[in-house]
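Labels run A, B, C, D and E following the written order; every chain starts at residue 1.
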Amino acid sequence: MTDHLLSLMTFFPLVGMLIILFLPREADKLIKTVTLIVTIIVFFISLPLAFDDVFLTSSAMHYTEFVNWISVGQYFQMNYYVGIDGISLWLVMLTTFIMPIAILSTWNAIEKNTKGFMALALLLETGMLGAFISLDLFLFYVFWELMLVPMYFMIGIWGGKNRVYAAVKFFIFTAVGSLLMLVALIYVYYFAVKAGVPFENGFSIIQFYQMDIPGNLQTWLFAAFAFSFAIKVPMFPVHTWLPDAHTEAPTAGSVILAAILLKMGTYGYVRFAIPLFPEAAMQFTPFLALLAVIGIIYGALVAMMQDDVKRLVAYSSVSHLGFVMLGIFAFNLQGISGGILQMISHGVSTGALFLIVGFLYERRHTRLIADFGGLSKVMPVFATVFMIVTLSSVGLPGTNGFVGEFLILIGAFEGGLRVFAVVATFGVILAAVYMLWMFQRVMMGKVTNPKNENLKDLSARELAIMLPLILFIFWIGVYPNTFLDKMNPSVENLIKQVKGKQQIAMMVEDVDQTVTFITVND
Amino acid sequence: MYDKLWLIPFFPLLGCIINGLLGKRFIKNEKIIGAIGTGAVFLSFLVSCKYFFQLLGDSVKTHENIVASWITVGNLQIDWGFLFDPLSAIMLLVVTGVGSLIHLYSIGYMHGEEGFYRYFSYLNLFIFSMLMLVLGNNLLVMFVGWEGVGLCSYLLIGYYFEKKSAGDAAKKAFVMNRVGDFGFLLGLFVIFWTLGGKHGVWTLNFVEISENAHLLSGDMILGLGVTTVATLCFFLGATGKSAQLPLYTWLPDAMEGPTPVSALIHAATMVTAGVYMIGRMNVLFAMSPTTMAVIAMVGALTAIFAASIGFAQNDIKRVLAYSTVSQLGFMFVAMGVGAFTAGIFHLMTHAFFKACLFLGSGSVIHAMHHAMHKAHLDDDPQDMRNMGGLRKKMPITWATFGISCLAISGLPFFSGFFSKDEILWWAFASSRGSLLVWAIVVVAACMTAFYMFRCLIMTFHGEQKTNSKAKDYIHESPWTITVPLIVLAFLATVGGLVGIPHVIGKLIGDIPNKFEHFLAPVFEHSQQLYKIEAHGTASTEVSLMVLSVLIACVGIGVAYFMYKKNPELPAKFTSKFPKFHRFIYNKWYVDELYDSLFINSTKNLGTFCWKGFDVKVVDGIVNGVAKAVGGLSSVLRHTQTGLFQNYALTMVLGTVVMVAIFILN
Amino acid sequence: MISVYHYMGVAGILFAMGTYGVLTRRNAIVIFMCVELMLNSVNLTFISLSAHLQNMDGQIFVFFIMAVAAAEAAVGLALMITFYRNRASIDVDDMNMLKW
Amino acid sequence: MEIIFFYLVAFVVVVSGLLVILCKSPINCALGLVNTFFCLAIFYVMLHAPFMAAIQIMVYAGAIMVLILFVIMLLNLGTAERKRYTQGIVWSAVASLMVLANVIFFLKRGRVTGAEGDITTFMVESVGHTELIGRTMFTEFILPFEIASILLLVAIVGAVVLAKKEV
Amino acid sequence: MENLVEIALQNVNMAAILPSVILTCFGMGLLLINVFLPRGTTRPAVWISIIGLVVTGFFVFSGWGDPQYGFNDAVAMDNYAAFFSIIFLFAAGLTILISDNYLHREGYPVNEYYPLILFATAGAMWMASGTDMMTIFLGLEVMSISLYVLAGFFRGQVRSNEAGLKYFLLGAFSTGFLLYGMALIYGVTGSTKLTEIGVYLSAHSSLLDNPMTLAGLVLLSIGFLFKLGAAPFHMWVPDVYQGAPTPITAFMSAGPKAAAFAAFLRIMEYCFFTLKPEWTAMLWVLAVMTMIIGNVIAIKQTNIKRMLAYSSIAHAGYAMVGMVAANEIGYSGILFYMLAYTFMNIGAFAVLTLAGKKGEDNLTLEGFSGFGFKRPYLGVAMTIFLFSLMGLPPTAGFTGKFYIFAGAIDAGYIWLAIIGVLNSAVSLYYYLRVMVYMYFRDPVEDYSWVSLPAAAVISIVIAIIGVFYLGIIPGDVMELAKLAVF
């Protein structure tokens, strides 16, 4: 059973999808219930991972499965090679945890074509889980692209007014990057084979990690990977798909997009781009850190001026993900662990924010800040929940947002990105500005719009959606060691490996300059 | 021994959770809610007292108690740990003591308010955060409290969230505090990085930082000493939290909150966090004379600046607010000149009398509000121009308010006298002090006396200016309000006796300065190490003391003369210097300056980023590429004319070109 | 002596002429005739080469080209007739429904 | 002597080719084409390929051209085209001249270098062209020959399907 | 005389041509049977041709791994030919299945249609298996002439006439170039057999500079590039594809294109391997042009059929990348890609067939508004095919593209691969646009349930299975493709 735990978890949603395809279209509630049950089952399947203490001490991949998948003579071989370590563990858990919540949030929101929506949601879950557990680059790519399709339809069919533009933009933006990555990954493979990596290992990243790729080549390959991931993150100049996609997507779509899909980009950096091309990563560090910091400030500034709540939250994601990138490129334990923790927290709190916006939208069918005001009076419970989530997003100590940001900043400060860290810290102020201003305009003041007077407070279902998220907001905030302890060994290992290579590269460079003429043969 | 320290913050947290979760639906009864809230804080107070007395009898004065680990990442190890030493003990007593009084007061004051449970929940949460701030044994736990109190301040200022001004003020407070927190975090990073990265001491623990601070003496960053940079950053944090120049503007606005909140948070406890923080890290600060000088100067300027604004305000709470800012300036002067003990001492006495003042004003407002309500008027119940002659109607309030006024003015043997004089003396005589600072502070002290008595007189003396309809409804407040007033007034009177200066102590008969003695383990070390001491003859000290008393009297006298004897004088003065008055009345236009300088420019920048860069440049490029490809498509598409011969021609041309290229090569 | 290049030269001229005809004429049948001209030039090339190389293959090829030409003629003319039936023209410029 | 004859025939070929591409009336074009076929047949004879010359006349001039003429008559296309040339005449001329230039270039520079076979002129004269063709075709190229039969079948079926009037 | 017969018989190896012979026999048999069938009865013809294809397929399969040569090296039924034959058979089979209903709807229930497809398939098989220029040429002509007829099959429709006539005239024109090239090669080497040509060329290195060889090579290529629809010889493609009956368009885009690749690749590899640098350079440029022109023009199309025509040009460009790579991975990539393309493209056209109304005026994007909701099953099928055409995993389109680009990258053509993927990115736009209309727009007309003809459904299901089989577990087929290259 545990031998195939990951596969079971990943492909169970597909089974669920098949079941759903055979249900009658009209059985709205039944379809939703089945989907919910499926996602909950997936969550329970994945639960033993979270309680496995092996991650506390070991940095290796666990629960690995290795099956030969596509094998063509001496041309190439792809394997179904999956496994998780401390880095992917929590992202997997986040996925399985967010999915039931997202599904539950659709209860009243999705009314047309429920069947299609649920099928797509389950397909999406498979894609996301698969991407997080893949240890074979090719397999990763397959899952990575697989995620695009359901999201495209979710935005396009169930989205808002401008959904077509948003959906197409989302799709093409992401695909352009990933196609370049495809070229790069094929190149890496052939390079590896020529360098003597056994052909049978396929696109196994564990093997690729061992390789020494010449510096110049690394630069190009890293650029391709980094570009692809940067779009997904999204980093500063290539972020504009995100506000559109987030704003137009239905609530569940936004939640999944923000909570999980965006993490693909940052995860990609940690798992692929950096350890595969450590020297290039080092070269690119100032550049990417700069972009990350610009993203932090820029996202916050733009978020501040938004008049649409959802768009605001979307831009806040740009800002928050900038922190994650900064942490990752600090190249030290605090930075990267903080980055990963921040991925989780951002998943939780931004997911929650989108849910909240969704609640508002369901009630009023508008997302414009100006249409609200004074809701605290009408919806006190909602106000409390909203406040907590807002604070978590602001990064108040004691909530999840703080721990991640703190670790990132301290990591960046320690890791030689001091100026960036200072500027990024400034972003913390702006976060308070835009979030609280939004909160004020939506929740405080007098009820000016008569339509707002009789809004219902949160229902039990809605509260049930929010409570687990709030629980985690505090859990991560108060006792993050639950999460940190299990990711630290892997992160430490990653850093050791990356740093080691970087140092060797630097030494070699020095040696090269002096000893070139001594060595004659290649 | 000290392993139950966690109980201290635990009770308020529990109270907060109980009231917050159950208050609205299940408890409902105001009495029970109030009892839970007050009781929680009172329990904390009791526990604090127990430990305080335990500490008094203990030879070891520093105790740490680690509850659990918090963040463990590599060499960064942070615990949920508490530090109990004389400094935190005093703060604990102040916070829980004054806190429980104000809770008690609130039961009466907030009676009938919507969201009563919410209020108490917030208030308990505040106490919890404050206790975390005080008790934290490392910078990060302190930061939890630091931001936590900011949050509670935000929540409580925005308590009347239906008022737009309240929401604005709340947000302003939070953001300003955040600016300060920015500095705090930076300071933390600098310390952590230099101590750890350069000297291998990876820590954020106060005790360890203090022990290892000497390692930093030679380190430079940006051409400045590390300690200077770090402490300046920390001081930025302090200016935010403690409303010093240039980040003070939120505090007067914070008066939008309920008055007990102003008393507790914006007078007695939270705003003093900056002072406490400096005291907590006095070793670091002592290492940097530059920072100390900056602190002293900023404190002094704040003191006089805020006092000047206090001259012209008519809102009773605003006067008190500016007075708070000003008094905080005094404390910073103390910290800046190395009079750590004096600073903390003033912190404590200030907590007593300023809380008392606020609560007194609250009592007045309560009564006024009540009366206005009864009379169906909507005059501003906080405007002093509507008051006057309340002495008869509200004797207890008047008495306590008056005592506190005397205390704040620094009349002899009231608590404020001892603490303020200590500060003045150090400013004058300390190795880190300067004459300039001293002079400014003295003037500020004089101004304090003036505007406080102006306030007292306008409110309680003279003829009654309240609308006659409402007059009769004004009466003394209930016991939950008056009892705290009396207790606080008592403390404001005698609280200073724990820290009688040596000079006077000697004069009276060998009474030691117990307060200084008690805090010595915390401060003595750095003061000795970095040679911070006040030296001067006893006669100088005494003469200065007399001078300050005289000056206070001058202030009081002028106030009496202007407002009691010649009530028409201020109006004349106003009409004579209208510009000057308007300038002062409008708080030197600082808010407007900030608006145009920071807020609007940030907003403009945001709009530019969005409409200018995002929409025009980035999306412009993206859509432009799409359009370009589309345009190319339209062009290329028309090469497909549908005419056979065009197709054939293309083929032939393609062929001949290809053949030509091939055979010519 | 007439070399193979002479024949091929004539064939080349014919080929170019055929190309020109295809590109300029508007009547589909004439265009088809021009194509035939090109095919014939190829035939001439093949046969001259075949004779030059003393090898029969080229002539066999020509045989098949002729067969193909005949087949194409049949089908092509049938197509033209159907087109003519619908459009009353076999002008290639009238084949303009499908474009862009 | 022979070469003069060659040039004479070549001249006729080119002139009749010009007729094909320049004549207004399709009938005239067709007649020009027939003339070209005849001249090519003469070339074939000169190249010792009398059988090819014969089927050139029979298949091309006899069958294909008759078919074409028949269709021209059927469609009553005797009248001149409305406009003889399309607009791309300059380009067409350039293109064709480039074709010619290319051909001339590779004829000048190139060489026919194929391996020489064993079927000499002498052998053709002694054994007979027809027999030689037959031998090669039915031994070496039997498969293409069979395919050609299918080709013709397809053409017939196709023509019938397309040309018959009712469904 | 007996001597001659013996010589003739010595070279006969029926095993080498058995599949195509069986197929033509079925074709001729059908022609005969048609005579006896009443007018408008086409069902038997459909199933007989399907049986014919299956039987042929069986023989192709049974000959796998056992290459047969014969007819004096005129034909070689090797793995390469077998693999391509399978592609043609699938293309023909799927086409026939979607045709029946369509022909009835459009009012041309003519039985000769089916034998013509079979003959075209046989022609394609001869192209793939021919090792003599004559065989290849005749195979090409059998296929082309059948297609001329089929493209103009709807004699009453002007569009169909126009498509047929254009295709015919341009096809005949390009044949001229092809033959001229063959003639030159014959002149230079003295043979029409591919292997002999190759041996001769490699033995005489001076020939590589001979302009005649090079001109011959280029002119020869033109003929095949025309059939492929490579730029700048692509211009017939959109017009003909749009005007021809939809199933025929489907067939043309898959079968004959693959056949052209088969013959082109074999000639290039057998004859001109010594000139590889030259012709790969040429194809590099052409592949880029083809991809760009196909993808870019497709963006502005409003008729889906025409859009798919342009997309088919682009796909030819992708496949040419495999030829540029000119290594085994690239070649086998082409084989695999053509098979994948057969499934996805015919699938897409099958959906178009079923979506159209008589006269097919509704195949515009606007006409597809809300299609996904009006006809959910067809919508899903179309979606799958479009995603496959885009090249998204886990579909055949992705693995195919991967295979080909892997070849190019292995051969060091990084920029070509990058241009290729960027082109895919452009292509996303117009494929997505179809889906935008299908799913993101409200239907213009009311929904009415139309029952789907069984044959067409079978065809679509096979195509879907193919797309996913080749997309998810392509290993076996890839291995076959690997074994199929020389």
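Keep in mind that, in the parts below, a contact is a pair of C-beta atoms (placed from the backbone, for glycine too) under 8 Å apart; a residue touches a chain by one contact, two chains touch by 3 or more.
These numbers come from a predicted model, not from an experiment.
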### Task
In contact with chain B and with chain C at once: which chains are those? Just list them.
D, E
#### Entry: Between B-D and A-E, the pair joined by more C-beta contacts
A-E
### Task
Report back the single chain whose CA centre is most distant from the CA centre of chain A.
D
#### Entry: Most distant chain from chain C, judged by the mean position of its C-alpha atoms
B
### Task
Could you name the chain whose Cα mean is nearest to the mean of all protein Cα atoms here?
A
### Message
Taking the mean of the C-alpha atoms as each chain's centre, how many Å separate chain A from chain C?
### Response
64
### Message
Averaging over Cα atoms per chain, report the distance between chain D and chain E in Å.
### Response
30
### Query
Hey, how far is the Cα centre of chain C from the one of chain E, in Å?
25
### Query
Whole-Å distance, chain C centre to chain D centre, using C-alpha means?
7
### Task
Note the residues in chain E that touch 2 or more other chains, in rising order.
134, 138, 141, 145, 148-149, 152, 155, 164, 166, 169, 173, 184, 186-187, 190-191, 211, 214-215, 238-239, 429
### Query
Which residues does chain D have that touch at least 2 chains other than itself?
86, 88, 91-92, 95-96, 99, 102, 105-107, 109-110, 112, 114-117, 140-141, 144, 148, 151, 154-155, 158-159, 162
## Note on the structure
Every touching pair of chains is listed here as A-B, A-E, B-C, B-D, B-E, C-D, C-E, D-E
### Query
Which residues of chain B touch chain E in their complex?
626, 629-630, 632-634, 636-637, 639-640, 642, 644, 646-648, 650-651, 653-655, 658-659, 662-663, 665
### List of chain B residues in touch with chain D within their complex
643, 645-646, 649, 652-653, 655-656, 659-660, 663-664
## Note on the structure
Residue positions on chain D within touch of chain B in the complex are 86, 88, 91-92, 95-96, 98-99, 102, 105-106, 109-110
### Message
Show me the residue ranges of chain C that touch chain D in the complex, using the header's touch definition.
### Response
1-2, 4-10, 12-21, 23-27, 29-30, 32-34, 36-37, 40, 43-44, 47-57, 59-60, 62-64, 66-75, 77-82, 84, 90-91, 93
### Residues of chain E defined as touching chain C within the complex
133-134, 137-138, 141, 145, 148-149, 152, 155-159, 161-166, 168-169, 172-173, 175-176, 179-180, 182-184, 186-187, 190-192, 238-240, 242-243
